[in-house]
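Residue numbering begins at 1 within each chain, and the chains themselves are lettered A, B and C in the order written.
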Amino acid sequence: MSVTKRANRQWLVLLSILAVFGLLAAACGSDDAADTATDDDTSTSTDDDTSTDDDAMADGETKTIRVAAVANGNVERMAELAPEYFTPESGIEVEFTILDEGTLREVTTRDVAAEGEQFDVVMIGMYETPQFGANGWLTGLNDLAAASDTYDIDDLIPAVRGGLSVDGELYSSPFYAESSFVMYRADVMEENGITMPDAPTWQEVADIARQIDSDEMAGICLRGKPGWGDLGAAFTTVLNTFGGTWWSANDDGSIGTSQVDQPEFAEALNFYVDLLNDAGEDDAANSSFNECKTLYEEGKVAMWYDATVAASLFPEDVVANTAFALAPTNLTEGSGWLWAWTLAIPTTAADPEAGFEFIDWATNAEYHELIADLDGWRAVPPGTRQSLYERPEYLDAAEAFAQRTLDAMLAAPIDNPGTTPRPGLPGVQYVGVPEFQDTGNRCTEQFSAAIAGSISVDEALEACHAIASEYNG
Amino acid sequence: MTAATSNAPSREEQVKALQKREARRRRLPLLPALIFTILITQIPFVMSLYYSFTDWTVTPPSPRTWTGISNYTDAFTNSFFREAAVTSIVMTVSSVLLSVILGTGVALLLDRKFFGQGFVRTLIITPFLVMPVVAGLVWKNQMFSAAFGVINWLLEAVGLEAVEFASKYPRWSIVAVLVWQWTPFMMLIILAGLQGQPASVLEAAKVDGATPRATFFQITLPHLRPYLELGVLLGSIYLIQVFDHIVVMTGGGPGSTNVPYFVNQRSIGGGWRFGSASAFSILVVIATIFIATFGLRVLSGLLEGEEP
Amino acid sequence: MSGSNTGPVVGERKLGGYLLSALAWFVGFLFFFPVFWMVLSGFKTEADANGPPKLFFEPTTEQFAEVTNDTTGLLSAGEAFSNSFWAVAISTVLVMLLAIPAAYALSIKPVDKWRDVLFFFISTKFLPIVAAILPLWIIARELNLLNTRLILIILYTAMNLPLAVWMLRSFFSEVPRELIEAAQIDGTNLRGQITSVILPIVAPGLAATALLCVIFAWNEFFLAVQLNPIEGSTVPIWVTGNVSTRGNFLAKLSAASTLATLPVIIAGWLAQKRMIRGLAMGAIK
């Protein structure tokens, strides 16, 4: 009996040790949380030796804001420059969380929608901004912008500003913006005696692609990787100009019924898949911006229809051989998309002024000059401000594509991209409703499988119609 | 009379009390782990259960109203979910079986003395230690890729056509990577079994003139059974949850969207329909418990053991 | 096999042995090749990595320098490794502290219905973690645990506990009853029984279990990215932070992956023998 009693006591001791440990851990945990909630920097106290927490608190000098942003070159460059060029001036430290596009959407949408209060500034796209703004999840920027000497809201390219506003209130500030156009190898066209029109139709582009296509060089590179922002974006611009759409619109602008079963939709998808099969890049079902960019730079494709921002990322020798044409059309006048990665402040953010101070720094014209000084004018994040396209230095450095980019952005038909009424406007390469994300993702998985040839186009259409119909209003 | 009746139960009570105390004493060491697990896993489960009866969507924001069992009736008629379930089953069963078979083969190879035995074993266990996300990316971009992949480069070198593995055969490409990662694990378990084989029995078989084949099927394999069962059980538990590989290799689609990917897509992966997604996950739990109860009965050896 | 099948021809048997050894080496290289290629790519330039396969190239450590380069405000390699280390180490210790007594209560002095309890532990692994993420996130938000190491420690403990309980239970069943009874008669208390009788016997099993917990926790990505993308971020997040949607990343990713897998690979290499002995123990009952 005494053995068991002692055993009992042993276990009690162990249990209480565990409990104490748990409590300690919990205490540490909530300390962490409290620290971050008060915008007090925990990392300075552990990593840096410049100032202790107490100093910072007493002086009220160091604030920390937390920013979630997408992983790409322009953003990473900005994150590198912030500690050197933003923090000393503003006294605000910026902690970045850089995530890939898909994860960023998951994290930021949940954070702003369910009030996670994890971030002071989030990078979102042109697709999310009007929706989040209308839901009341974002801080309006008009007043903050008006109070700034450096921001100059009227300098924003009107189409971009329009796409990021709800009822005249700007809800996010564009970091860079893009349209879509055709990039092609001028030298290859010349060798083959082909003249590419300035504003080609899809039929012309397809004919040229099939004509050029050879074993060494594919005719055209198009996105085929699943995702509403990958294949979904490129394909929807084709769909629009072929007269198709994802859903009809009710009178109040809400989602009507799925239009995926309509002949125009089938025509567009057949056109896209056939073109890729006949004259597209290898492994098109796995290709998106990155893959196409590599193939184009290596001379394995003669044409590439994608984002205008690509031009600013090419090496010099590639730019020299490249010419540009507007996004191809069929039934509509223009078909280029409009996209921007933008910075926004969730309504739950503790210190919107500090957040805007950072947004201002990262997206104003002075930032353009900073990048120009450090990396050259060609590396400036394009597409957001008219002033950039008025600067002779920029037009000179980016001569090959600057005007084309601006033209494409101005021509993007954001208020009426197709031939029939549709929900979710403005928006070209997406339908600006929350339901499109799921529909676009799952349908493009089907389309991608059709491109790979593992299912037929008809099977893909049937599945996609079922998916889109889940959301019929 | 009264005394007798009051006496008898009191002795019984004493026995009962003793038994109770004994039971409690036995239970005590179990409690920390049990309570911890219940707290951490059952609270989310109950919350999911509650959400599954609502129409909660995050965007567009919904008031989260009670909708009864409508999520469940929808779930039962969802053909995409059925497809995902089939994919899950095929993927799990084939990758578990293949890695067990391959693992057995490799273990047999490694169970002999030869130059560099330890080194080769070290090489082979490495894939199991690689992060799933990294494994998926490396295979997709550096092995399978039609443009830069080593496999296609070899195929082309011997005059064959390049194959777009990940997009043409999404399901089997993923299975291949899973088998690559889990064969080492199975190999370790089976090697453990082989090394636990009593040498005297093998010796006796040899003396009796049994062929290696007969020795393998009649002595080694029966001896390996509990090890194989352990491998199948652990493999199934982990492989049915496969998610990272699919995200990075195919991004879902016909043939590669399994149940976890399907559920994720319906919740934070773009669908934002938490009510509906929760209903699907509850169904998954019920189905898995059902299958597992059945499965564990088949894997008799693992739950055998004398009763107290 | 068939060679030795035909008869006692010594030369043939020897040849068969060489062939089998060669086959083992070949299989070893086959399995290792993708890892080798990953390491190799870490020493390439992006241009070399994003091109046709190249075995010979001018090696550069540029990618390693770049991925370990600290930028204020961005998750640095050092931070990620230290966060991972603590999350993995503490959670594994916790798992062991919880699982050892539980395994005792399920094998040596089993509670009533120990099968049901064991099944319950395993059944907690059935809820797809992707499905539980939202409730978990809400709980974490309410308890102010988002972006703390603590939330990962708690969840990694819960994630690995069923596995540990399962494995340790079968190891404990291996301990000869007589030894425990003898210790009891000597008046050794429970802790004494565990530390002086049981643990020495099951030590390889403990090591195997702990190593598996370490591997699974070290490589865990989904929970880390969903609940803890900011402070206390772990190594897998640091690795995938090198995946860019606009620009080539294979060489950088390979370099980061190489560094990230190094600790578990070394641990796995060092502990493989123990692991085999441990697993040998566990499957029998």
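Criterion: contacts are C-beta pairs under 8 Å (C-beta built on N, C-alpha and C of every residue); 3 or more make two chains touch, one makes a residue touch a chain.
A quick note: this is a predicted structure, and the numbers were derived from the prediction, not measured.
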item	value
Steps needed, at minimum, to go from chain A to chain C via contacts	1
Pair with more cross-chain C-beta pairs in contact, given B-C and A-B	B-C
Between chain B and chain A, distance of the C-alpha-averaged centres to the nearest whole Å	36
Whole-Å gap between the CA centroids of chain B and chain C	15
Where chain C touches two or more other chains, by residue	50-51, 97-98, 101, 138, 190, 226, 240, 243
Junction residues of chain A, two or more chains touched	7, 11, 14, 18, 106, 110, 114, 294
Residues of chain B engaged with two or more neighbouring chains	28-29, 32, 147, 268
Sites on chain C touched by chain B in the complex	1, 4-5, 17, 20-21, 23-25, 27-29, 31-35, 37-38, 41, 50-53, 97-99, 101-102, 104-107, 109-112, 115, 117-136, 138-139, 154-155, 157-158, 161-163, 165, 170, 173, 190, 215, 218-219, 221-222, 226, 236, 239-240, 243, 250, 253-254, 257, 260-261, 264-265, 268-269, 272, 275-285
Residue numbers on chain A that touch chain C, as the complex places them	3, 6-7, 10-11, 14, 18, 25-26, 28-30, 32-34, 36-37, 42-43, 47, 66, 68, 70-74, 76, 79-80, 82-83, 87, 93-101, 103, 106-107, 110, 114-119, 288-290, 293-294, 298, 309, 313
Contact footprint of chain A on chain C as seen in their complex	50-51, 71-75, 79, 97-98, 101, 137-138, 141, 143-151, 153, 184, 187-191, 225-226, 229-233, 240-249
Chain A - residues contacting chain B, complex	4, 7-8, 11, 14-15, 18, 102, 105-106, 109-110, 113-114, 131, 135, 225-228, 282-283, 285-286, 291, 294-295, 300, 433-434, 437-438, 440-442, 445-446, 448-449, 451-455, 463, 466-467
Chain B - residues contacting chain A, complex	25, 28-29, 31-32, 57-61, 79-80, 140, 145-147, 162, 164, 166-170, 247, 250-255, 257, 265-266, 268-273
